Structures are given as structure tokens and as C-alpha cells.
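By written order: A, B, C and D. Residues from 1 in each chain.
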Amino acid sequence: YTGAEIVRLLANHPQFRITVMTADRKAGEQFGSVFPHLITQDLPNLVAIKDADFSDVDAVFCCLPHGTTQDFRLRNINEYAEWYGHAHRAPELQEEAVYGLTEVLRDEIRNARLVANPGCYPTSIQLPLVPLIKAKLIKLSNIIIDAKSGVTGAGRGAKEANLYTEIAEGIHAYGIKGHRHVPEVEQGLSEAAESKVTISFTPNLICMKRGMQSTMFVEMAPGVTVSDLYQHLKSTYEGEEFVKLLNGSNVPHTRHVVGSNYCFMNVFEDRIPGRAIIISVIDNLVKGASGQAVQNLNLMMGLPENMGLQYQPLFP
Amino acid sequence: YTGAEIVRLLANHPQFRITVMTADRKAGEQFGSVFPHLITQDLPNLVAIKDADFSDVDAVFCCLPHGTTQDFRLRNINEYAEWYGHAHRAPELQEEAVYGLTEVLRDEIRNARLVANPGCYPTSIQLPLVPLIKAKLIKLSNIIIDAKSGVTGAGRGAKEANLYTEIAEGIHAYGIKGHRHVPEVEQGLSEAAESKVTISFTPNLICMKRGMQSTMFVEMAPGVTVSDLYQHLKSTYEGEEFVKLLNGSNVPHTRHVVGSNYCFMNVFEDRIPGRAIIISVIDNLVKGASGQAVQNLNLMMGLPENMGLQYQPLFP
Amino acid sequence: YTGAEIVRLLANHPQFRITVMTADRKAGEQFGSVFPHLITQDLPNLVAIKDADFSDVDAVFCCLPHGTTQDFRLRNINEYAEWYGHAHRAPELQEEAVYGLTEVLRDEIRNARLVANPGCYPTSIQLPLVPLIKAKLIKLSNIIIDAKSGVTGAGRGAKEANLYTEIAEGIHAYGIKGHRHVPEVEQGLSEAAESKVTISFTPNLICMKRGMQSTMFVEMAPGVTVSDLYQHLKSTYEGEEFVKLLNGSNVPHTRHVVGSNYCFMNVFEDRIPGRAIIISVIDNLVKGASGQAVQNLNLMMGLPENMGLQYQPLFP
Amino acid sequence: YTGAEIVRLLANHPQFRITVMTADRKAGEQFGSVFPHLITQDLPNLVAIKDADFSDVDAVFCCLPHGTTQDFRLRNINEYAEWYGHAHRAPELQEEAVYGLTEVLRDEIRNARLVANPGCYPTSIQLPLVPLIKAKLIKLSNIIIDAKSGVTGAGRGAKEANLYTEIAEGIHAYGIKGHRHVPEVEQGLSEAAESKVTISFTPNLICMKRGMQSTMFVEMAPGVTVSDLYQHLKSTYEGEEFVKLLNGSNVPHTRHVVGSNYCFMNVFEDRIPGRAIIISVIDNLVKGASGQAVQNLNLMMGLPENMGLQYQPLFP
């Protein structure tokens, strides 16, 4: 789905044009027969990677499962091996790769040759938490995250567990303790903290196609108030086009960002003194995947960061 | 919802800018507090109609319930009174109004001052049937239509029948015989036929937000084949950007047009000799409402018809 | 899913007890690990058919794909071969089998040894049409059926087309002309008519788990009125527990029968004179599969027909 | 919806019969016209409370909004006034009322005349936490709860926020800090702890009709392990029909209890040492409302506690 989403986003991009599209099982087919919602687009046919002509290509989006391309998000080769179950096959590229959390690492991305696009959960979690940790406004212990994802996050693989009949009208947690986005989040938070951070992370799969909500339960540093958290996030993201801190007590809804590259967030008081609740929402396929990837490529190409990305959310 | 959809579509329109927004109950509020998915847009506050300054306004989209503004779709004043339950209050404007089925009445729309934007069901039905009737390829008797609509068609009014709990995971027919779109469809088909056409029309409400599928069961004129219908629709819509006849036996899915201004259609053989089945799908809020309205205003303003409308469908 | 539904229904059946459960890939597993919603039931473990001990078994429900067990619904061996793509392997049993449309063939079922349980579409279509055809109230030509099914009808096989992401929030037609339930319906209607009936049948898959709506567009025999159809169905099903003709202009909703063995139906006037619209709804997994099967077994065993089946619909 | 659910559950209850049904706006109507899924039930017409004949009534289920009947869950009259916004009008009954958390307070309920049926969130939270707190296995500080509810919890009132179009395909938090179930949960946990407990509670509304998941993040007492929590819950609920601790690492799914009176729960290790994650699921309308009410009335009447409640979950 992230590949199809790149195509959707590039359909109106004034500077990027798709010249090669590769596929594995579906090599030889027309893209419109695989994704009929894009039949109106004038696209090259799908070819096997070995048959692709890269001579006219300036940039490549890799939307392949980890293991097929390597994942370049984790800096620590050993951690990669532990979480992905095999040794990294391109460790030198791993070292070169820049982590593509745009609003946090904009300058590095601008000068990068290889960008590792963040995962959806890590994007929704790090955007609020990294600045708060850097400013030492929240404690590093007991960061508890309950996150909810739409089903597109699981891809288009034909699995019984992801059938309509198994998913509709329900919610369940999965991958408690063991989700692969955990080391990616901990890496980002640890760098911000300059010390090792261990998180509690419970992802849930809910009956929606797109959308992600991360709810973060944190302890504030001594003397810090919810208003301090709010003000710091406000000043951090003031000029940003795609990250929005909501006003007052407005609660972020996943349905208010679907189809767009926005991240909406807000901070709330907890009943337990000294604690705060932070909620962020994104479209997992856009800001959590293909949209952020286009945003990063814009930066790498010296284009305006929002080029081709000004889609408003599709509500209702 | 059609008003919010106009705002979404105009967000990226290079030539149109929103200068006045009116409201009734919500006058005085910010648009983003009524529709939080559009908080990022720089919009004027909502004002009561009586307080609106129209001095700087070149065009108006009316998205009000019938009765508040008049509906200008029905040419026959008496028919209006019969179906809408009150006399038309602007009969002279009624006469001037052009029916905005873009692909069918493009030239008239280009020169119109007042366009009556078609209903969603009528759009999805007339786009395939009008050309077939004009070419005398189908019989006028026994045109049977089973149509299915998403719930946005019912608007945002707080009604028990439209609660999530009453709608999710189900389908039901409604307004059999009595739906207000019937006279509009019959008017269009009768004009194409140059004789009175009476249709069988059964709308269904299904558990989706956006999308509309119309299934039309027709008898072909003597000697006509399904291939004749297909070829005629193909040549009719060959150069059109927004109306697409699918290849081969591909079936139109509502989800493949959601968020876009496209109408996808196809023609199928029936088991009963001499009959054909035609299926068309649109997004009821876009091609069935706000998208077609923008398309028409582009025409009226002498702009490229597709300006600001090149959104690809949001799938999944 | 029909197998699991049998287990659900038998959980409270006072006379039937499950002693053997067979499986193919999942042989050796506990039923509760395959269907966790039934972990509270005290059930035998799944065994391969070859290892099953049938010595203590009085009756068998076969919920296997056609081809694995044979399908016994079609009386004509040649028609079976044509629609199922292979010769029938138990033609002598085929001749013995009784078609299990309970309310229509109750006496035959009571004395049967082998009952072929009707398909879901055929159940929802034949319950209203068979009595009307027998009474010669509707014409046999141009019976047009637009039917909508929930996704459980497609079973639990892991197919891309049935993923949540591909199904949610949409509708599409499928199997136009070629659905395997067509010969079954035509067989039933032809027997009622005592002459060959050919139907127009367009099934649609909609984004709901359970539920089926069949909309039937018919021409009435000369002089017959909608009220005649209504009265005939009323008297036909007056004493029936599971088939209900709604009052007045009440429209059957799929969600009002989900989880139950009911079929709700009603008859409506069409705008085209001489025509009528009939709508019926069932839960495809209950009256359209496992519920009707239990109803039939009750009959075969000389028990009250409704035993263990008095579940009220689960709404909302 | 809780009233209709009582009717559904009592439809097969061997000992209870409905003799009076009251309504406010809908007095005078047939129940089946208000809830068409129950048209097959032989029920008394709805009457206004003032016209009801209670002479033949042994027990009453009150399913009215708080304020109409009083809510008897909070023992502290002042707390009631604070959370419900008005003084309690029947303080002497308040004192008499027994809190109906069946598995925890079975003996008290058996002898009660007036039972205050627990809220849905409080049921799903207290069933796992009360025994763990009583056994001093978890710390009382920093009990963090992220709960997700289906939309039936909001009732059948016609509110814009609960329209299908506003709810489908999304999730949002609501009532952070201020949900009325908070004092009820804190009352139950404080009694178990014999000291004041303050919780962090974030409810979320998700796009499903029925179902509730509560995720509880807790710190274990020194030296306690996840296995200790598991074993204690196992022995606590060993003989219970309606509360089930899942095996191994099986995750409770809301869809596996829908339509039934079950509560499924399990305990998981957290990545942060010393912490545990507890997940419980119920059907908010059954165990979270009407089912538990019937369970309690069975107890009060000296009947088997599970009478009429052995519905298996409706999956899928």
C-alpha cells in the first residue's frame, strides 16, 4: 500500500515523474490492474528489478518488506540482527543512512544521499516526545505508550488475521513487548535524552483502514506543568506546515488527518498529579510512510518541502 | 458535508479563493471548529447570510437544504411543488438555470449564469443512460435501477436513523417510489428520449461514508448487443478526464473512486437474452456534488475544466 | 465460518451434543485455538477425517468446500458438472438428497436421510418467490435480482480481495452471470413454475460481516396487485416462526436479523405500473447456512423445528 | 440500547417474563416499532411510567439516564453531587443499594433488594484489578488505564458526534480526566486497597458498535512477577462461568466476546522491569450492562446465576 500511496501523492507533484516501477510476483502487469483506483494514471508497466532500467532515474522509493531491501533505521547493526532475525547485509550503507524524521532532522536529510524513512508508530511517538525529552521536561522512566493503528499498516499480504471478517467491529492488542518499531523509538528517545530509554509499548489493531493514534502517558520533571509541555511543543512546531498542536482541550481524531501529511497532537492533564497525557494522530500511510518520504525527497532535491503534499484530509 | 468538501477541493485550486462563508446556527464560529480536519486552512469566519459582504464575490456555491435555497434542477414548476411540498419561490431563475451534468451539457454550462448542480443518484445514472437513450440503443420501458449510497448523502443532521450504531454492518432500502431524485432522473432521461420515461428506482443506504453505486437493468433495442452499448459509451467518453469506461469485465468498485471526481462504469451481459446490466460508481460528495460543482465553475469561468480537481482516489 | 456457527448454535441445543469434529490443516488443534470466541465450550479436539470415530454419531453436518464433500443441491448431474467444473462423484446419493428449504419442503425433509442445505442467496430468493410463482401471481420472464451479501459468505480463506483494507467502506458487484447459486435458484423457481425460468442475478459484496439482502424486481401477472402478492405471502407464512412478512411499508434491514434464524420480507409498489419490488433479508450464516441446517436436523430427528434456534437478532 | 438488550436476553430466559414496559417519548407505541429486530417477541405495549401497573411485577430493570432514575453506584452522596451535577434525591436508597459486580460481591447481591449495576468501564477494570489489589500484588500509585469503547455506550440519542459519518473508520479519546465512571472505579479500587486510589483514565471511542477493551498499565509490588499476577487471577476466577483468563500469551479480542456475558482477560510482561500490562474485554451492553443485570437478578431470585445467559459470542 505504501507503493500505491507514493503513486497517488506523486500524481500531482509538479517536479517528480515516475519512470520505472518494479514488482516481484506482479512483474509484467499494468499498475492499474493491480491498483484499479489508479487506472487513470499514465504509468510505466511493472518490471522485475533485474529488468529495470535505472539509467534515467534520479531517486528511488523502496517500499519493499524488510529483508528484501534492508531496513536502515537502526544504527546499531547488532540491534538490527536481534530484531530482524538476520545480519544486516549493507552495513556500510547503514552507517551513511540518515533517519528521515523530517521536522527533527531536517538539515541532515537535506544533505543525505540515503534516507531511512521512519516507521508509522515511531513518527507519531517521536514528534511529540523528542522535543520534550531534549528540553528535559519529562522523566525518562515509565514512558508508557498505548498506540492504535489502522489495518493498512499490515500491508496487502493475504493473511487470515487481516480479513474483513476478522477485523471489522473490533480491537485487539498485538506484539506486546515485541513490536519491531520498539528499538526504533527507543533509539530516537535515547539520542534525545543522551541516555538509554526503555519504553512500555502496546500497539493495537483497530477496525479502520488508515489512521494511527499514539497515547503517551508520561511523568513530568519536578516543577514542570502541563502548560509547560504545551508551550514547548507550541514553540517547537510553530512554523511547521505538517505538525499541528491543537488549541485548548481539543482532542486529536485520526479521521481528521486521513489522506493528509499532517500530524495533530495535544497535551492533557492527568488525574494523577505530576503526570500528563499526550495524544498524537497521523495517517499511517502518509506522514507515517509515503508522505514523509516525499517530504524528505523534496528536501534532498532542494524543493519546497511541502511540494505535492498539500492534500487536505478526506473527512468524512 | 458538501460545503466542507468544497473547501477541501478549493484548498489547492490555483484560481479560486474563499472570501465569504455563511452559516446559520454556527454563524460566528471558526470553520475549523466546525470541521477540525480543515483547521490548517486560512479561512474567513462563518457569518450569518444577512451579515455577509458579497461585494468582493465572483461566484457562490449554495450548499443549503432545499427550501432554504431553492432547488433549480427540475424545469417543471409544478413537478417541483409536487416533490418538494411547496411552490417554487424563484420561478424566473428556475427558467434561467442550466442543469450542470458537465459531460452532457458542457456548452450550456459554459455560458450559464446559474447552474443547478445535479444530485448524486442522477449523476451516476444519467452519465451512462443518457447517451444510450439518445442513440436509441436501449428500450425506454422497464429501466430498473438499484442504487446504493454512502451515508454522507444524508448530510450532517443529527438523526437517530443515521447513528453509527444504527448504520454500521448493514444495508436497507429506503424511499422506494418516493425519492426526490426520481423526477430529476426521469426529466433527464425523458429529454434524451424525447418522450416520457418512467423508471423503477430503489435506493439503498449502506454502511459506508462516501460512495455510490448505481446498477441499471435495461432491455436492449432489437438487434443491439452488449458490445454495442460498450462501444457507444466508449466513443462518447473517450476524451473525458472524469468519466471512465473500464476495460473488459472489470467491475467498478465504489472504493476505487472515493475522494476523486471520477465516474467509473462498465456494461455486462445479463443471463436473460436481450438484457444488459450497467454499473456506475462515483463519490457522492465529489462527482455527485462538490467536485462536479467546481468542474462547472471552472467551465463558467473559462478555466480548464479539471483545474483543482486532479485528486486521485484515496484507496485503501 | 459455517462450522463455527453450527457450534455456536448447538451450544444451547437441549438434544444435540458434539462428539466428533474433523479438520484438515488444523487437525490436532483445539477448536478454541482456531475460534477463540468458543474457548468456553467443552468440545472434542479436531481430528483428521480418516481418524474420526463415527461409531457414536447420529448425524453429520458437512461444512466443507464443494469438491471436498459433494454438493447435493443440483438435481441435474450435468448441470453440476457444468457449474462446478467436475463430474459429480456420488450421483446415487444426489438422487436421494432432499433440498433443505425448510418452509417449502418440510415434509420431504422430515423423512430424508440426506439433506442438501440451500445456499444463502437461494434461501433469501426462493422464500418469497416460490409461493408467488406457484400461485401464478408473477410472470416468469424478467425476474431481476440484485442481491447484497456480507463477507462471511466468502469463507475464511486468506484472499487479498477479502482483506479488511480491500472491503471496508465500499461495495462492488461480482460474479455477474456466473455465480454458482444461479442454477440452484433457477432449479427451485422452475420447479415451482413447472417450466424453465431464467433469472437476472447480480450479487454484490458489501462491507459487512453477516447479512444478506435480496431485492427482486418482478412483473405481476395481469390483474394482480401488490396487495395480492402481500396477502399471498402473508397467508403462506402466517404460522411460520422464522419467516416474517413485515407490516405496512416497513423495510427489511439486514441488521434486524443478524445472529438469528429469521427471514424478514416485504413487498413494495414500483413506479412502473404492473411491477413490484420484493425485499428479503437473512443472516447468511444462520438462515442462509447453519441455522437452517439445525432446523432441518430438528425435523429429521422428530424434534420441534425451532429447538435451539430461538436466538433473537443481535442489534445493534 | 440497554433496555432492548434486556429484552433480547430475556427472550430465552426460562423464569422471567416481561409484563410491563415503560417509555417516555415513545409511550403508546409497540416495542417492535421502536426496535424492529424484536418484532417477533410477544411483548406488552410501551406505557408511560405514570400509567404502568406494577401490581404484577416482581422485579424492575431501570435503564433510564441518570437523573431520571438516580444512579446508585456511588456510595458517597457528595461525590454523586460533584460528578452528576445535582444532589441525590434518594439518599436512603443509596445507602441500601448493593454494588452489582457479580463475581466480587456475589453474597451481598444475593441478599439485596436494590442492586446498582456497574458501569461498563468499571466492570472491565475492576474484575482484574480488585483481586490483584486485595492481594497487594500491585502498587496503588500510577495505575494507568487506556480504555476503548464501542459506540453503543453512548446510547441512542441523536447526536451529531455519533453519526455514522463522524465515527466510522476512526478513533478519538474523550472525557480525559472527567468521565463519570472514574469515581466508580476509584471507589471500588479504594475499597479493595483500604486506602484512597487515584487512577489515570483515558477512554477512547472507536468505530465499533459493541465491545470494550481496557488496557491497564501497573507497577507490581516488590518481588512480584507477572506469573504471580496470572496465578492469582487464575485461582480467583477458576470456577467462574463468565470470567475467563486466557491461556499463555493469547490476547483478548473484543470481537470474541460480543453478544455474550463473558469477560476475557490476560496479563503480559512489560518491557520496563517491574511493570505489567493487563487487558480485559467485554461486550459493554452485556457483561457491561444488561447481561450482568440479569445475572444479578438471577442471584437475587435464587436462580442459577447463568440462567438465560448462555449465549455464545457472535463471531464473526
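The working rule: a contact is a pair of C-beta atoms (placed from the backbone, for glycine too) under 8 Å apart; a residue touches a chain by one contact, two chains touch by 3 or more.
Not measured: the values here are computed from a predicted model.
Q: Return the chains common to the contact lists of chain A and chain B.
A: Of all the chains present, those in contact with both chain A and chain B are C, D.
Q: Computing the C-alpha centre of each chain, which chain sits at the greatest distance from chain D?
A: It is B.
Q: If you tally contacting C-beta pairs, which pair wins, A-D or A-C?
A: Of A-D and A-C, more C-beta pairs in contact link A-D.
Q: Taking each chain's centre as its mean C-alpha position, how far apart are chain A and chain D in Å?
A: Chain centres of chain A and chain D, defined by C-alpha means, are spaced 36 Å apart.
Q: Could you tell me the distance, in whole angstrom, between the mean C-alpha positions of chain A and chain C?
A: Roughly 45 Å separates the two chain centres.
Q: Which positions in chain A are in touch with at least two other chains?
A: 1, 152, 165-166, 168-169, 207-210, 253, 255, 258, 316
Q: Is the way these chains touch best called a line, a ring, a star, complete, or other?
A: Drawn as a graph, the chains make a fully connected set, so complete.
Q: Spell out the residues on chain D that touch chain B in their complex, using ranges where they run on.
A: 1, 151-152, 156-160, 162-169, 207-209
Q: What does chain C use to touch chain D in their complex?
A: Interface residues on the chain C side: 1, 4, 7-8, 11-12, 35-41, 152, 168-169, 209-210, 241, 244, 246, 250, 253, 255-260, 262, 310-316.
Q: Any idea which chain A residues touch chain D in the complex?
A: Chain A residues touching chain D: 141-142, 144, 146, 148, 150, 165-166, 168-174, 176-177, 182, 198-202, 204, 206-211, 213, 215, 217, 251-255, 258, 268-272, 275, 277, 279, 316.
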